[in-house]
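One chain, chain A, links the two complexes that follow: it is found with chain B in the first and with chain C in the second.
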Partner chain A sequence: MKDQTTATPELTLERVNTPPAQTWNYLRANDITLTVPQLSRKGDVYFALPRLFEGIECGVGPQATAWVVSQAADARYVEVRAGERKAEPIVVDVDANDGDVHDVGIMVRAGAEACVVVNVHGTDGEPATSGALVRIIAERGAKIRVLEFVAAGSAQQHVESVGIQAAQDARVSVRQYFLCAGTLVAGIATSLDGDGARIDHACRYLVREREVADINHVVRQRGRNTRADVRETGVLDGHAKKALRATIDLVHGSKGSEGTELESVLMLSDDVTNKTVPTILCDEDDVSGNHGASIGPVGPEQFQYLRDRGLTQQEAEALYVRALFDEALIAAPTPEVRANVLARARMVLGDDVANDLVEGLGLNEEGA
Partner chain B sequence: MSEKTQKRTQVADVDRSLYDFIYSEEGYERYDDGLTPDIVRAISAKKDEPEWMLNMRLAALETYHTKEMAPNWGPSIAGLDMDHISTYVSPKTKQAKSWDDVPDDIKNTFERLGIPEAERESLAGVGAQYDSEIVYHNMREEVSKEGVVYTTIEDALHDPQWEPVVRKYFGTLIPPADHKFAALHYAVWSGGSFVYVPEGVTVAYPLQSYFRLNAEGAGQFEHTLIIVEKGADLHFIEGCSAPKYYEANLHAGAVELFVKDGARLRYSTIENWSKNMYNLNTKRARVAADAKMEWVSGSFGSHVSYLYPTTILQGDRSSCEFTGITFAGATQDLDTGCKVILNGANTTASVDTKSISKDGGCNTFRSSVVIGRHAQNARASVSCQSLMLDDISRSDTIPAMDVRNATASVGHEATIGRISDDTVLYLMSRGCSEAEARTMVVGGFANPVSKELPLEYAVEMNNLIKLEMEGAIG
Partner chain C sequence: MTPRTGGRKLCGADELVFYDITASFEERTIFTDILKKTAERVFIPLTVGGGINTLDDFARVLACGADITEDSADKRSLAGIFLSYQAPVEVPGVPLYSYLRTITQKRPELKMTARKFRARVGEIAEQLDMDSSFITRELNVGFSGGEKKKIEMLQLLLLQPKLAILDETDSGLDVDALSVVSRGIEAYRASCDGALLIITHNTRILERLSVDHTHVMVRGRLVAEGPGSLIDDIDAHGFEQFEVAAQAAGA
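Moving on to the complex of A and B:
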């Protein structure tokens, strides 16, 4: 925990969340610039990750990754032994109120299975900047599940960076629930190095009021017959600003690989700004790359269906938000995460709806 | 005139003799390579321009020298050295209204390209530019009688009726400071077309401008300015080609299109520059209420292209369709696409593009769809399909969407893949060779674009595809 009450030197991080290929600069969709605190670590010695983790590409880019590494105290290294099915999730708990910064490296040995949970929680209050850097090496046939939940305060900014290397036949599942923060910068880069490696990635976000969410998803498909399935679904309301860059990179040699990326954005207010840059880079012929995006309000047919059942437009739109919390609660693997999601649900949807969610899932009021 | 000895080029596998022929520049007026205020003044003096145009050129030159290229942009243009490009080359001839008055070598050039024949059969008017100057310009009398003006910018500037119109519109849609090569264009522009279609007039046949760059190590910087008044209708066709050289050539034209209330403009392009050409062209249209802009674009040539026609749907209920195909073969790195800005309410945009990469060619499709705050109920859809014909080529798609209105809907889809073995096998089992089968599939892939073109241009496009597909199978 760091004391941020005294004036802390600041650092400007440029070209954060930059995708491998960029669009026109005047669209201001290629990256984000962040001002972050910079605590001096001179004279201290902390535990650092083994050097092979330095070679892992992370979603937020080298500058922001270096910042997290420089600000985290002891890095945490976790190794899951070959063939082990680790029952307890590896939890990275980030208190955004305190500006926690974590640097975690996880080695999942051949055939092992593990679950990683990043839980970012904060309340509206003092400004703070938190960070979580999770780098994962999934060896041959390993199975890794990554669950991320971000619900920081409206005055807080959080940097969430993930880098994954997947060897032959490794399976990676990522589920992200960005219930949001004053400013969220979230990047994930996955390198499917081995033949037959696969990632299934679902990202759901709710960005509202004056929140900013800047998201960068990169999948490099290097091995043969790799599979990438990336789906983003989100709701924007109030004066929210969201940018999503999603890249499927079919590298030369990735014959037989398929990459798909789809985004669906529901816009609930005329004051929101949505930027989407879905990119396919293809340097191989025997591959398939697809992406799609759908951006707009509730479709007229869907809305008519709901109106026929007595719902107003506002109620219909609220259903989509509720569904997001419903799914996040179902996916939440620990009581702490459920409590975090539930607290945000109470703030966004109100106590009645939150209680309804709890009841529907058979949980107690704290989400346990 | 004797033909120059043809040099061996990087594209020797394809017979492009239809486009690859060179006539001597002997006797031509050629300005020194490089960019100086004296050269800009000389071009302006040669055209006896009004002072405002000279001032605009000189200011643009200053902008060119001070403006930097974005460091993170597209294919490299490091091979382009402006110190080795002549910005003005002109044959010693005056603009003619009859092909009989055009010098033989130039006339032969356009005859081989089929321009006079197309003019006789299916065009309302033709402008033919050879290097830096228009050498032939003519329009059918009945079209002229309806008040349609189709001339060069230079002639319009010398006409008291049209000089104020040129002054009002020229450089307003694409400002000189737009980007480095827009600035270059305004400094040294020469040739191009000025078209004015009066209110309510429908031009039954297309107008066509054809740009031929014959000179080695030269640039072509034509400016096209088209104003389609309220309720009018025009189809404008632009064609371009050049013979191949080892030395870099440059095309940095500009196209400014103004489509007024309820009007319709279709702008078709078959671009077949030679593969030593840097094609850094800028095209932009502003579309008023209830008006429609249609782009049909076929990009086959050039070494490097930066080409992204832009449509600004300013008026309510205005619409835009963009249909394009890009074929990148050996040594080509083509960065193409389009931009649409939807500002008016109930505006619609539809983008449908195809790209084909072969023999190590690189295609990058870029698009941007920007929906402004006031674009209530705007609708936009973007579809991009890319075909990879071998594993040494490359195809990237980089679309961007910026949506700022909650009632707007934007859809986007893109796919990249190859010709399936099953399809080739099916066609081969019915008697096609593998090469024929692949050519047929590519032809079918391009069909949505070619069917948007007049028949003779669709035939030309299909011929270009066949040319490019020759030697596709090792």
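Moving on to the complex of A and C:
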């Protein structure tokens, strides 16, 4: 999908990233509308995923999901056999400069273990729209780790959608590092279908200058004794705009389940726009749902602690930004991902700090 | 200026203020010798009103006994004062590694390459029986009370302050955690030429330490002082004797 010239027809996607339960329309927090290129695929023969994947709910919603499916040249299907521990990560590499669009389906059979890495990289160049759709089925007792790294250019738009179905006793771990893009639309929906299934989800984001990030997190807890722990921590600076919708849905039949969702937003500028919509839906007794959000500058207690160790307010704020890159680099599993994070660190933090990150982790410039 | 006799203030001023104590004569930038002599003679706080331009200036003034309580907490910290928290604050979004690296880089005397820094942190963590995975976890988030105190000790050993104030560091610790904290304090004494002020209700934390001076406070007032052996007396007879004496003195 490299040829995105002015002649490329466009499509407007409505109701992208819509949460299961909505708030007042006048808040303009219920969804986002996107204009995306629409390449014709008429006459092409391409590989589609097994129909089993069609039933998986994805974070960005049906319209945006259908757009990614229509634009991806070929779908990629990966199956991890029962009991297999897949050593190499399943990598979805998205070149935002080229407007790459990927559609990936992953079947992790019973008791198997796998790691999925989505690496979105782009530079400040021509405008382009990229997309990644990852749908995962984790069978009984499977363990799946999802790592997402997004660092696209300020003129670029990226749509990132993930859908996960987890069977009995499946373990899902998600780490998202949104280092950001001109416009990032990211949604993830996880359905804990089986008893005892769990998800541990952490999302870190940095949105700065005039970037826009629109994020939708949904966890449906359907099985008994399921656990969901969702934590988002982010930094907003400049004229950044960010919306996060996070929903814990304790569905009828999910007795004994617990769901927690907490967001902490650090606002470093008066000109940022933050929308946080945390929701708990509950149709079952004997369940526990918690959510909360902390939004504002560095908390007074935290600031006092950091100050007592020698940091000024500006340095304390800079620490939060550096911390995000440190964490992303530590989590980055391949040299390509590390190189992507480092390139963004160099742009945001400057060469001195980036070099310090490289040396601290014993890496070279290529992230190896 | 009030002469000091036997550790007691006789009369006179409450505060001595030096304004703009810079000088270019003989290439001296600060009259540290004056500060030093004054600190020897008087038992009152000194405030420095100017001439402090660099961190080294602060360190030298501090070493003379001047009062820097007017300064902001970050400047006091950089001047060499370390205050250990009784209940260390959780800082979500900041991994321990990033935090330690940032506060270390602020101190010119501790500047080292990132590689050496990691090795140094690893050494101290081992000394304190800390799991290496601590380093990637968020600062104090989800840590037990004992683990948080270990992180305080880690910072004490890493920053090597000139004065460390440990405010009830032993509160809420089990025997094992207390032993680790004591080891941290011992290591600080062995490796740093600094002073430790340990504030505690319980003498157990002091068992493994060689204490130079003991001060007893009752309701915010100093009521007794003595050598380290005073702790044995407190162990044998408790604090009640001091409370009774303080009440009698008050009456």
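As a convention for this text, the second predicted complex is superposed on the first by the 361 of 368 C-alpha atoms of A that agree within 3 Å, B and C clash if a C-alpha of one lies under 4 Å from a C-alpha of the other, contacts with A are read in each partner's own complex, and residues count from 1 in each chain.
Everything that follows uses one rule, which is that contacts are C-beta pairs under 8 Å (C-beta built on N, C-alpha and C of every residue); 3 or more make two chains touch, one makes a residue touch a chain.
Nothing here was measured: the structure is a model prediction, and the numbers come from that model.
Participant: Tell me the contact category for A:269 with respect to chain B and chain C: first, second, both or neither.
Facilitator: First partner only, chain B.
Participant: Examine A:117 and indicate which partner it touches, taking first as chain B and second as chain C; both and neither are also allowed.
Facilitator: neither
Participant: In this superposed model, does chain C or chain B come into contact with more residues of chain A?
Facilitator: Here the partner covering more residues of chain A is B.
Participant: Which of the two partners, first being chain B and second being chain C, lies in contact with A:101: first, second, both, or neither?
Facilitator: Neither partner.
Participant: Per the contact definition in the header, classify A:324: touching chain B only (first), chain C only (second), both, or neither.
Facilitator: A:324 sits against chain C, while chain B stays out of touch.
Participant: Examine A:281 and indicate which partner it touches, taking first as chain B and second as chain C; both and neither are also allowed.
Facilitator: Only chain B; A:281 stays clear of chain C.
Participant: Applying the document's definition of touch, where does A:75 land relative to chain B and chain C: first, second, both, or neither?
Facilitator: Neither chain B nor chain C is touched by A:75.
Participant: Under the contact definition given at the top, report the residues of chain A touching chain B in one complex and chain C in the other.
Facilitator: Touching chain B and chain C on chain A: no residues.
Participant: Give the list of chain C residues in touch with chain A in this complex.
Facilitator: 72-74, 77-78, 83, 85, 88-95, 97-99, 101-103, 105-107, 113-115, 117-118, 136, 155, 159
Participant: Give the list of chain B residues in touch with chain A in this complex.
Facilitator: Against chain A, chain B makes touches at 70, 72-73, 339, 364, 366, 368, 370, 373, 386, 388-391, 393-418.
Participant: Report the residues of chain A in contact with chain B in the complex, numbered from low to high.
Facilitator: 21-25, 27, 29-30, 250, 252, 255, 265, 267-270, 272-297
Participant: Okay, in this complex, where on chain A does chain C touch?
Facilitator: Of all residues in chain A, those touching chain C are 204, 231, 233, 235, 264, 266, 301-302, 304-312, 315, 318-320, 322-324, 326-327, 330, 356-357, 359-360, 362.
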